[in-house]
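Heads up, the next two complexes both have subunit A, just with different partners, subunit B and then subunit C.
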Partner chain A sequence: MNKIAAIALNTFRESIRDRIFYSLLFFAVVLLAFSMVLGNLTLAEPVKIIKDFGLGSISIVGTLIAIFVGIGMVYKEMEKKTIYVILSKPIARWQFLIGKYCGLSITIIIEVVVMTVLLFVLCYQYVPQIPFTLFYAIVPIYFELQLILAVAFLFSTFSTSFLSGMFTLSIFIIGHLTKDLKMLAQSGDDIVFQKFANGLYYVFPNLENLNFKARVVHNLGISLPEILFSLLYSALYTAVILILAIFIFERRDIP
Partner chain B sequence: MQAIKIKNLRKSFGTGWGKRVAVLKDLSLEIKENEIFGYLGANGAGKTTTFKLILGLIHPDQGEVSFWGRPASDFKSRSLLGYLPENPYFYSYLTAGESLDFYASLFDIDAKTKKERIDELLGLVGLEHARDLQLRKFSRGMLQRVGIAQALINDPKLLILDEPMSGLDPMGRKNMRDIILKCREQGKTIIFSTHIISDVETVCDRASILVKGELKQIIDIEDILESEDNIWEIICQAKHFEIPQMLEKEKTEVSDKDAFIHDIDKTVSGNRILLTTSSKNTAYLLMDEVQKQNLNLISFGPRRKNLEEIYIKSTGQADQKGQKESAR
Partner chain C sequence: MRNILLITLLIFLSSGVHLASKHIDDSFKFDETEYLLYLPSGKFLQGAALCYDEMLADFMFIKTIGYLGSHAETDRNYTYLDQMLNVVTTLDPFYEFPYEFGGIVLATEVGKVDSSISLLKKGMENVPQNHERYWYLPFYYAFNFMYYKNDYLTAAKYIELSTKYKNSPSYLPLLAARLRANTESPEAAIPFLQEMIKSTDNETLKNNLALRIDELKAVKQVKSDIQLLEYAVKYYYSIYNKYPEYLWELIITGIIAKVPEHPMGGSYYFSHQDKTVKSTFKTLPLYIDKTRSLEIKATPK
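For the complex of A and B:
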């Protein structure tokens, strides 16, 4: 456990010293500031616009961080040859991978926490009460980011950073579209398209399951079991992807 | 007792389109406890591949490796060893102290011992002054010293050093040699790869020569030192020296077994010529010729055969064999 913690701490230290992290965090703050401008331009309640835009920003910037830091997780270690010294110590490869994953998870927590606090402060300026209901959207966003990170991590164990980034981004996009695609296919008569859409739906993670943003912003009812089910779905998916990544990494040569 | 036992180790790498190239061919080797073992070989001979197989970084096609009877495939057995890779790379944003602390935390070492070890090792490699400096500001030689410090962080029984002298200045090389010898005094076993043959002669007990993935020879350094197998050297001042026709003629006709004439080697450097041969008779024939050609003799005499000659002969024979095979 200590070894995993050591790798995690080191990975966290590395990622928060990375300029990409700060650039993206700065980008997130700019987005939040922009939501304020947008809120003032609209005829509707400005706070709803801020919440909507703010949650979207947490999700997008978090996804970019998960992809950018996740894809380099293993490949960069091999490219920079730092992995040789680590794996020559009595540490199992799965411990190394889990440590790296945990370190980046902490980085993502930092991003989500910083942005959540900013969003809350912003909302408080318009409606002087803490919008705790936003957590119904933020916690699933965090779980989605963990899943995206796991996907980036999986590709990183056998592919270059560029390809891993492309693959992960594709899965992020497909994951948000499969539900709509399935519904679209069912409304038509094309059996081949229906099978294709079904295939995509069942193979790729359904990321829309974790999207509660609109319902939270517009105060539409969300039941706790529904959220818990989505979180469990995401956690299981993440676990399976991590196990697959470990399976691949255990067997590969470190050239 | 054997520290490392390598049995029939074989490794090949894919080169695309289903083709594979054998990098290591049935390597079997045993390294005794508390010896310093030199692992010699040209670039691409398979030295680093052997180390990576020992460390479990790559998986063998066949064969096995064990340390004191424990299989290398068990990651816990790596607690017995320390490894310095060739041109070591570390996390550049960490300081030397943080770096050693991080590597120490990958072992089951308590906090007090960890602190003591870090202080001791920074002193040993002469980096106390650079303790709080980020590694990105380090020179190559300094990184090599961090490398040896991290390899010793767990007080290992076995040290595996891949080209430990590379990137070091003469003083740094001497320090590295001293560290290696000190480690042997402490009872450690050391295996290191190098191109620098004199380093092997200076510190090693035994050395092996690896040529194109095949182990050609294991040499006891003591045997070389005590050997009466001499090389004859003639150095004379001249720009040209013709090897006598008689020797040249016979050179082409004699069989490979006849070392009498086959071993003449001529090196021209400016207005100096160096002639070497392993045969006393040939040496005297050459001396006659030097006198006949009225050349200015600088020196003439026997010299002890060194590891370099054995190494060159070993690799040279392998090259000739390879050329013959490819000609067929």
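For the complex of A and C:
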């Protein structure tokens, strides 16, 4: 456990020193500030626009961090040959991978926390009360980011940074479209397409399960069991991906 | 020396960028209809936006407000307004304000009453009923039926519906009762228009709606003037057993002190053909409904 914690801490230090992290965080803050401008341009409910953009920014920037910082974590170690130094110590490959994953998870928490505080401050300027209900959307976003990070890790165990980035981005896009695709297939008569869409729906992660943004912003009732089951779904899927990543990484020949 | 050269080059290139941008803006006017012509459907954009539908809806709504504003000041041609509003409300179906805004603008400014009705219907189906402004949706829906379709029963039904939602004003049940009584009086629309003025920040729309209220008040005045003159004509007939040739005969005979001044600058006359008093203004100066004549007449009892 200590070994995993040590790697996680080092990964965290490394990632927050990464320039990509700061550029993306800066981009997120600009996006949030931009929502204030848009809030003034609209005719009613500026807070709604700020909430939409705030939650959207947390998700967009978190996804980009998970992808662009996550894909390089294992591949970079192999490219720079630093992995030999680490793996020559009494440390298992799975501990190395999980440590790296935990370190980046903490980095993403930092991003989510910074953005959440900023979003709350902005909302408070318009309506003087802290919008705690936004957590119903923010926590699922964090779980989605964990899943995306796990996917980035999976690809980075056997592919180059560029390809891993492309693959992860594709999974993110597919993950948000499988539900629509399934509904589209069901409305048609093509059985092959229906089976294909069903396959995609159950194999790929359904990231729309974790999208509560619209319902939270519009104060629609969300049942706690629904959120909890969505989080459970996401956590189980993440665990499956991570085990798959460990499985591949354990068997990989490191030159 | 090298630094000076670099700074000079930087200034020179920046000026070039500025001049090129200005030239593009001045010489190549961008025709916005061109891109609106290819505006995808809301359903397509819903998929393309991944999980960022609401952000895209906010953007589109701001663009819609801009589109309305720019055309209100120029050609008042709003061909793509209903499509834009449809995209916004498909991307974020729970967003109440675009329905309310579109419901008013499409009917009163653009003249697309059916689009306004279907947008408000979509709003009533999607916006959560506990929304503090939900009551506006059935309220404007009722207005369209009363004002443009002359369907007072449907209007009354939806006014009654809007009374069930929070924040609805206390005068609504009375208004519904009036509509149920089938008064067919255009001035019943005044409370609707006053509510519309309160609910919008758009100055053009406010002025337009205020003009409508003035028109309706004038209509009310004309109605009561004609009623008064009809009574006078009836009285004249009971004394002289004939109808007056002109209305000023009522003044000479001392039945009335003067013929009331027409509020819209027209005049009143007695039609021997129908045996009624009529107004020279057959329609109101502003658009209300192409199919509806506002000739006002009253028959002597």
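Simple rule for what comes next: the second predicted complex is superposed on the first by the 255 of 255 C-alpha atoms of A that agree within 3 Å, B and C clash if a C-alpha of one lies under 4 Å from a C-alpha of the other, contacts with A are read in each partner's own complex, and residues count from 1 in each chain.
In this text, a contact is a pair of C-beta atoms (placed from the backbone, for glycine too) under 8 Å apart; a residue touches a chain by one contact, two chains touch by 3 or more.
For clarity, every value in this text was computed on a predicted model and none was experimentally measured.
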| task | Could you tell me if A:Leu177 is touching subunit B, subunit C, both of them or neither one (first, second, both, neither)? | result | second
| query | Regarding the shared-chain residue A:Lys48, is it in contact with subunit B (first), subunit C (second), both, or neither? | reply | second
| request: Give one of first, second, both or neither to describe whether A:Lys81 is in contact with subunit B, with subunit C, with both, or with none. | output: first
| request: Using the superposition on chain A described above, determine whether A:Lys89 touches subunit B (first), subunit C (second), both, or neither. | output: first
| query | If you stack the two complexes on chain A, which partner ends up touching A:Asn10: first (subunit B), second (subunit C), both, or neither? | reply | first
| Is A:Leu207 in contact with subunit B, with subunit C, with both, or with neither (first, second, both, neither)? | second
| task | State whether A:Ile191 touches subunit B only (first), subunit C only (second), both chains, or neither. | result | neither
| Intersection of the subunit A residues that touch subunit B with those that touch subunit C | none
| note | So, in the complex, the side of subunit B touching subunit A is made of residues 13, 52, 55-59, 75-79, 81, 83, 85, 87-91, 93-94, 102-103, 105-108, 147, 150, 154, 160
| field | Of subunit A, residues touching subunit B in the complex | value | 2-3, 6-7, 10, 13-14, 17, 80-82, 84-93, 251, 253-255
| Residues on subunit C engaged by subunit A in the complex (per definition of touch) | 46-47, 50-55, 57-59, 61-62, 65, 92, 94-95, 97, 101, 128, 130-131, 200-202
| Contact set on subunit A toward subunit C in their complex | 38, 41-45, 48-49, 52-53, 56, 59-60, 172-173, 176-177, 180, 207-208, 211, 213-215, 217-220
